[in-house]
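Across the two complexes that follow, chain A remains constant while its partner is chain B and subsequently chain C.
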Partner chain A sequence: MKIDIQDHMLVPKHEIMTEEEISEEFSDVDYDFKDLPKIRSEDPVVKAIGAEPGNVLRITRESQTAGVFITYRIVEG
Partner chain B sequence: MEDIIIKVKDTIAQLNEEEKLDIDFPDSYIEDLAKAYIKNDLTDDELTELIRKLKQAYDRAHVEAGEAVGTVAAQSVGEPGTQMTMRTFHYAGVTELNVTLGLPRLIEIVDARKEIATPTMDIYFDEERRNDEEFVRTLANQIGKSTINDILSDFNLNYGTMEVEAVLDNKKIEEKRLDREKINAAIEKAFKKVDINGDEIVISSSKDSKSDSKFVIRELRLLADKVRDLQISGIKGIGKVIIRRDDEWIIHTEGSNLKEILDMEGIDHVRTTTNNIHEIGEVLGIEAARQSIINEAQNTLSEQGLSVDVRHIMLVADIMTSEGVVKSIGRHGISGEKSSVLARAAFEETGKHLLRASIRGEVDDLTGIIENIIIGQPIPLGTGSVGVKMDYKNE
Partner chain C sequence: MKGFIKKIEQINFGLMSPEDIRAMSVVTVETPDTYEDDGFPIEKGLMDPRLGVIDPSLVCRTCGFRGGDCQGHFGSIELARPVIHIGFGDVIHKILRSTCNECGRVLLSQDQIDDFTQQIREAMDNKESLNAILKEVYRVAKRELKTLPEDDEEIDPKHCCPHCGAPQEAISLDKPVTIRQGDYKLTASEVRERLERISDEDSFVLGVNPEVARPEWLVLTVLPVPPVTVRPSITLDTGERSEDDLTHKLVDILRINQRLLENMEAGAPQLIVEDLWELLQYHVTTYFDNEASGVPPARHRSGRPLKTLTQRLKGKEGRFRSNLSGKRVNFSARTVISPDPNISINEVGVPEMIAKEVTVPVYVNEWNIEEMKQYIKNGPEQHPGANYVIRTDGRKIRVRGDETKELILEQLEPGFIIERHLKDGDMVLFNRQPSLHRMSMMAHEVRVLPYKTFRLNLCVCPPYNADFDGDEMNMHVFQTDESRAEAKSLMRVQEHILSPRFGGPIIGAIHDHISGAYLLTRDGVEFTEEQALQIIRKSHLKLPELKAGQWVLKQDPDFDEDSYIFKEKGEMWTGKELFSLLLPNDLNLSYSAEISKCPVVYPEEDATVVIKNGILVQGVIDESAYGSFSGKILDKIVKEYGPGRAKEFLDRSTDLAICGIMKTGITTSLNDEEIPEEAQDRINEHLDKKMAEVDKLVESYEEGYLQALPGRSLEETLEMKIMQVLGEARDMSGSIAENYLTMGKQYPEDSYDHVMAVENHSVVMARTGARASMLNLTQITACVGQQAVRGGRIERGYLNRTLPHFKKGELGAKAKGFVHSSYKSGLDPIEFFFHAMGGREGLVDTAIRTAQSGYMQRRLVNALQDLQVKSSGLVTDNQGNVIQTMFGEDGVDPAKSDFGKAANLDKLISEIRMESGMEGK
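After this line comes the complex of A and B, so read on.
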């Protein structure tokens, strides 16, 4: 039986961002989106959602302090 | 509740539009506002006032740009750390299972050790089998390590024939819910000269009996130990298991193998976890490892009756996982990879870093804190983190 690791309580929601979403999200920040925290291309979740190197992932964490917290990671090539 | 949350959001949006307050609260604040609204039976004007007050408090609580958050986090974790016990105690509630706690465990977490001293798993079951004792016990024996020694009723060394005679105990096999045929297969696979006759098993040394008589008895004893220690069930990496019932059946294990356990039938693959952070990183990804660092560090601290603000721990976890792999704080991890030579030399192994930098011809840009302290310049922190630039257009 192969289980879906995305169901696990420790794994937050990962989504691949489209080009438009990236340009919209990172238009008014004073850092380059290429300097975002990284995630390896061999990461099990990256494999599960089929992300490619260079993709930016939107990660929706459940945070103890903020309720819901959205963060981003870039898939390392 | 839902409609109150919408109402709070609408009020905030209205305030933003009318007074340009630029309010952007996290979801948990909005929920708290809604709860306060219901609990204290506030009027709409009072809610508006509350939001205004909250906005002021929220802005005051914000970390200023240039604040040394890492140093504050280090102090906030370090000070209660001095109160922690240096000793390892037993796991709360389960006397037989030994788990590293206190300071040694905290060091293990921030050092990101690959091999932790006491790996352990908490295995939960899916909804149908949560209360099925028979299923849980069967599975526990499949997971936990059992050897021939656990199912013996009689064991003899026959020095006359130079054979090991073992008699298996059917009751114990039944109790452990093991499969007789699998046991036989395991024995036949492990030893060459085996004679299985019902419960009785006779094993003789695979070497020729002609060999030097001085060593024959020793060999027989070694063979006997091998027979006793032959593993007949269990998952790789897992030793003892403890079955416990709180509200539902839970299995605690000594040793850990998350990947194989999660793939088993009947396991709750949402809540089943291990305390080995590297293993979580490999099986569930870097984000899960980050969450696990936070959980483990917070549990270790609160277990000792210490409370550290979770934001400090979050910062540590964020830094440890920012490169996509779990990295340690310290010489081999974060501090060892700073770009500045002087900063690295100031931390540990001064000579090594200076020598290597001089061989490679490294350049120090003096952008960090440590290097500027060393050469006696203002540090880029707090008020020092801003500079002055000329506006060329308005000459």
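After this line comes the complex of A and C, so read on.
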């Protein structure tokens, strides 16, 4: 039996962003989305959701300060 | 400003070829001596004048400059035999392991070589790191055999050279510089020969770029000799010369080198030559690093280990951390600090002696020329004077003697720079180590004062963590208008009242300010008009306006005549009215005072503070009002009225509190910790009961009917239960004592007719939060309680017992460090011993904690120092990599937050309620 790690309480929600989402989300920010923090392609969550190198992940997680915080990570490779 | 001579665009670190070293060398050093008996340096010696000069009266034979201007020149030593450079031991080992022992080719097939070459070229073109590729090269090229096979045994081809087919015996590195093939020790010459055999193409794959370096340069044949300016000799008072450690080491190298050369020329036996060679290797090794593991450190005649090249650079006292990151600076001063409640929090008292030493450069212009003339007339001796004058041609003249003064006064014209003394109102930077947070360095305004200590307002003690038991602090004087302006807007004390650590005030009232405000503002404190006016005057408050025989205490923020708050002339003033004079007219606030934590407060209303339209309607001012770390009123004033108003409030309220404490007087003695005999009896009775409980627990354990708690052993269960009972024992005895330790009158029917009549100032200080805690007081009065070592009851000492006064395996309270006595009644010898054990652990822990947290902070600061927050809230590093898309995920500046939260809704609602006239509660 294999456990889906995405069901674990400590694993926040990871989603692969589509091209449109990327161009929309990062159109009016003062950084290049390629400079976003990286996540390893061997990362268990990356493997679980089947993300490819170059994909941008949207991570929705609980934050001590902001309640819910959305952060982004680019798959390394 | 001197002009640019050369601009550094790039620094390359790499290997230096023997030719480079020889080309750079101005003299080949051969004589292992420094000076002749007549004091002149020996030609071709280590102090050869061509290596540069230090004495300004001498001229350098190489560059022709005088000492001071000559930067020194390298020499060289021709080593009789090559030696391995200690820094390259493992590089050499890796290269030799990856090349054939016989033919010298890389142990890779031609395809692999081509493939890796391609990869490396690509990475170099893209300016990417080569580390990963090279690691792979060394991993693939490893073909070593544990042991060489017997004559006719079959050898696995994977242990052979792909080029010549020779089996590869393992090469091992015996740190730091000995290289072996199997059991045979390779000499440095053999190592060098092998490295020479590697072709340029092969060396490229191994990570040595043949355009810049060759592998054999890793083995030294020529040693550079640093210029004398790098290793100056010191002339002692006795006239003796003392040489630098590096010079000593170079002498050792030269001496052995010379002997080796002579022995080789004389055809000495191999054994002797090898011994000398090894000795030469040792000296060269320790010349580079005298703390290398596996090499005994070279010592001075006195037995002190020599400080050689690596030691000069490494660690806290090394060149980087001590001389480059942490330089000593001019225009700074350091002295002991002492308190001065009469200066503002923005100020610092500077001794006149210091004010006359450190200076501020001022440009002379037509508006200040008269003032500047006066400074020059005063000269360096009299206080607002000047020490130096810089003329328009850039010449710096010392103001000294009447003749120079007159000369300067004659020449003085706009454009001159006067280095004048520090005077009142100048901005300076004030600092106390350890500088752990930004509040450790704040900009203060100067107040030149007599005597020899820096004076500071007591409210700035918490951010600096300063006290006056001998603490010293540093002061730095700004030298440009830009720095001064920047510091004034960013670093001034008033800008740092709110701490970014927890979003509340870190600068605030302490100690006597708090007990003073309590004694002034509690219910029933009244002053005659004369006393009240005296207090107002003494605490530098603005005198209220007198209108038609009435004092205008407060006017409504809307300037409605009807809602002025008046006070009849001749009436008594309450302390609360006096304090209200400090508050902004439209301040509305309500909160629970620190003393509300007290079980009984008399009168009850004092525990809840209500401020309406700037009038302290009810409640008492204590730590919760304006104390550092917790002051609610102070917090609100900074956040709503700005730091300027807050500074004024803090200065004036502390003045007022001191006036208050002086009207009442405050005193404490052991009598404050006195409780009636009946209370003592109750405490003893209670402790006896708890001891019986402990005995019962122990009995149940010994009889075997104690039930273990889930997940714990029987022993742990017993220990936990005993700890709990003993904790209760102390707490109960404490709360019994607390019932008798009251601030003063508790109930209306209590017999004291005036609140000030009989009161307990120790308790006042503890309850208002000024100093000490009720725990401290009950430990003095009732019972000290359990002493702990390593978080549990005391276990250590003799076999199965703490002291020989107990039976082996005894588990009772007394046997494991419970102190029944109070500090006042005194501890018996056994209790005293346990108490000392617990106390010692506390001391050791603080010492260790500071060291550990210091190192942690250093690593954290190094990791974060280059991060920047953009105005959009984006956090990036200096490469442009995103760290956070929103600072702290919520974008809130913690210093401007409400104790860490972006907003406090309950507080906002109650404020709106109060302002709209509905009683907020």
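Keep this in mind: the second predicted complex is superposed on the first by the 77 of 77 C-alpha atoms of A that agree within 3 Å, B and C clash if a C-alpha of one lies under 4 Å from a C-alpha of the other, contacts with A are read in each partner's own complex, and residues count from 1 in each chain.
One rule holds in what follows: a residue touches a chain if its C-beta (ideal position, glycine included) is under 8 Å from a C-beta of that chain, and two chains touch if they have at least 3 such contacts.
Here the structure is a predicted model, which is why all the values come from computation and not from measurement.
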| item | value |
| --- | --- |
| When both partners are placed on the shared chain, which of chain B and chain C touches more of chain A | B |
| Touching partner for A:Tyr72 - first (chain B), second (chain C), both, neither | second |
| Touching partner for A:His8 - first (chain B), second (chain C), both, neither | first |
| Touched partner set for A:Tyr31, first chain B, second chain C, both or neither | second |
| Touched partner set for A:Val45, first chain B, second chain C, both or neither | first |
| Overlap of chain C and chain B interfaces on chain A (superposed complexes) | 37, 63-66, 69 |
| Interface residues, chain A side, partner chain C - complex | 29-32, 35-37, 63-66, 69, 71-72 |
| Of all residues in chain C, those that touch chain A in their complex | 870, 872, 874, 876, 880-886, 888-890, 892, 902 |
| For the chain B and chain A complex, residues of the former touching the latter | 26-31, 262-265, 269-271, 273, 280, 282-288, 291-292, 310-311, 314, 318, 321-325 |
| Touch list for chain A against partner chain B, complex | 1-3, 5, 7-12, 14, 37-40, 43-46, 59, 61, 63-69, 73, 76 |
